[in-house]
Amino acid sequence: MSGGDTWLPSLITETPQQGFALAVTLSQKGVATTQPDAEVRRAERPEYAEEADSLIAVSHVIATHFQTVAAANDYWRE
Amino acid sequence: MSGGDTWLPSLITETPQQGFALAVTLSQKGVATTQPDAEVRRAERPEYAEEADSLIAVSHVIATHFQTVAAANDYWRE
Amino acid sequence: MSGGDTWLPSLITETPQQGFALAVTLSQKGVATTQPDAEVRRAERPEYAEEADSLIAVSHVIATHFQTVAAANDYWRE
Amino acid sequence: MSGGDTWLPSLITETPQQGFALAVTLSQKGVATTQPDAEVRRAERPEYAEEADSLIAVSHVIATHFQTVAAANDYWRE
Amino acid sequence: MSGGDTWLPSLITETPQQGFALAVTLSQKGVATTQPDAEVRRAERPEYAEEADSLIAVSHVIATHFQTVAAANDYWRE
Amino acid sequence: MSGGDTWLPSLITETPQQGFALAVTLSQKGVATTQPDAEVRRAERPEYAEEADSLIAVSHVIATHFQTVAAANDYWRE
């Protein structure tokens, strides 16, 4: 959230799959906002990436953001 | 999310049951995105698949995605 | 999700109570999909059924599915 | 869910407060469905009722059901 | 939920901030319903109030209730 | 929530990114409400900021608030 970088110009994507990718980005941004030091995040990553429960928890956050992105795109209905 | 493979062309399914299967796929994709190494995921699977709390957590992620898929399909109302 | 069995023909139920029962079924199906071996699931059941936190977690999954089923039925408003 | 007892005739309540009470009932029913033995549930209760994290988890389940009940009642808007 | 006290007359608030305060009240009520003994709750409070994970969990419950209250108020759009 | 400070005048933001920042604020406010002592919160921060599971949990709370803020803004659709 620092500075003036635009990383989230829109919730609209062309396809559901791009919408899912955006949900992944949003879930990572939620982590990065709380722990802005990329070094620390990199140090933690191998750890939780091998911990099944952490992976499931990340997947839950992605699912929550995907609800938002899918609704924003009216579920890419046509 | 790597490369150009299309794995999520649409959220629309013919039946609720196919929608549930799609929710399962989405929850797995959330894990796979964070831990792209299939070998590591396979190594973790026996572990969490026998851990009741992990199974319940997976079931929660599926439930969250199923909300999205069901809404996208207008709940397959007729 | 195996084979051609239809276990989820519809999200529509006659009463809220039947809708709640369907939410319970959906939450169990989420577990069964990840651990398809009924023997293993049976082995875990006594364990988590006596663990308060696991019961609360299951109750949360049911609540999430009940949101979906209730919306599908327009909350059985009349 | 056993037998023919009707415990959930409707999601409609007269007031928000009655709706909250219904959300509490629904969250308890989710637990009772998974552990139908009232004796066992009573045995666990003192335990989790003194465990802050369990109380917070129960409160989360209630919150999820309250979303459903509130939507069903159109938020008791007038 | 005991007795005839009215603690939740309405979900409507004048401002988003009052709505957030109501979400906090609702999350506390969910805990109080399960552990009605105020003494016990007070005993637990210092403990979880210094436990980061518990604070985050409380914050999640508040977020869930805030969704409900915000929707009830049509997001205080004007 | 103390005193008369207005910290949440509106859920409306100009851009999705500002909406995400508001979701972060809301998630922090949920913690601050339960633990109003800024000293204690500061003491906990280094701890959970290096704990992957806590960061993921914070990210989940942000995701929940972002659903609310995004809906309030009609997803910034144009």
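A, B, C, D, E and F are the chain letters, set down in written order, and residue numbers restart from 1 in every chain.
The rule we apply is simple: a residue touches a chain if its C-beta (ideal position, glycine included) is under 8 Å from a C-beta of that chain, and two chains touch if they have at least 3 such contacts.
Only a predicted model underlies this, so the values are computations on that prediction, with no experimental measurement involved.
> How many hops, at fewest, get you from chain B to chain E via touching chains?
Shortest path length, in steps: 3.
> Within the chain touch network, how many edges lie on the shortest path between chain C and chain F?
Minimal hop count between chain C and chain F: 3.
> Interface overlap for chain E and chain F, more than half of numbers shared or less than half: same or different?
Different, since under half the interface numbering is common to both chains.
> Please state the rotation angle, between 0 and 180 degrees and to the nearest 5, that superposes the Cα atoms of chain B on chain F.
Going from chain B to chain F via C-alpha fit gives 120 degrees.
> Indicate the whole-number Å distance between the mean C-alpha point of chain B and the mean C-alpha point of chain C.
Centre separation, chain B to chain C: 16 Å.
> Chain B to chain D: how many Å between their CA centres?
Taking the average C-alpha coordinate of chain B and of chain D, the gap between them is 27 Å.
> Residues of chain B touching 2+ other chains?
53, 57-58, 60, 64, 67, 71
> If you connect every pair of chains that touch, what shape comes out? Choose line, ring, star, complete or other.
Drawn as a graph, the chains make one closed cycle, so a ring.
> If the ring is traversed from chain E in the direction of chain F, what sequence of chains comes out?
E, F, A, B, C, D
> Can you check the complex and tell me which residues of chain E touch chain D?
1, 6-12, 26-31, 33-35, 40-41, 44-45, 47-48, 51, 53-54, 57-58, 60-61, 64-65, 67-68, 71-72
> Contact residues on chain E for chain F in the complex?
On the chain E side, the touching residues are 15-17, 20-21, 24, 49-50, 52-53, 55-60, 62-64, 66-67, 70-71, 75-77.
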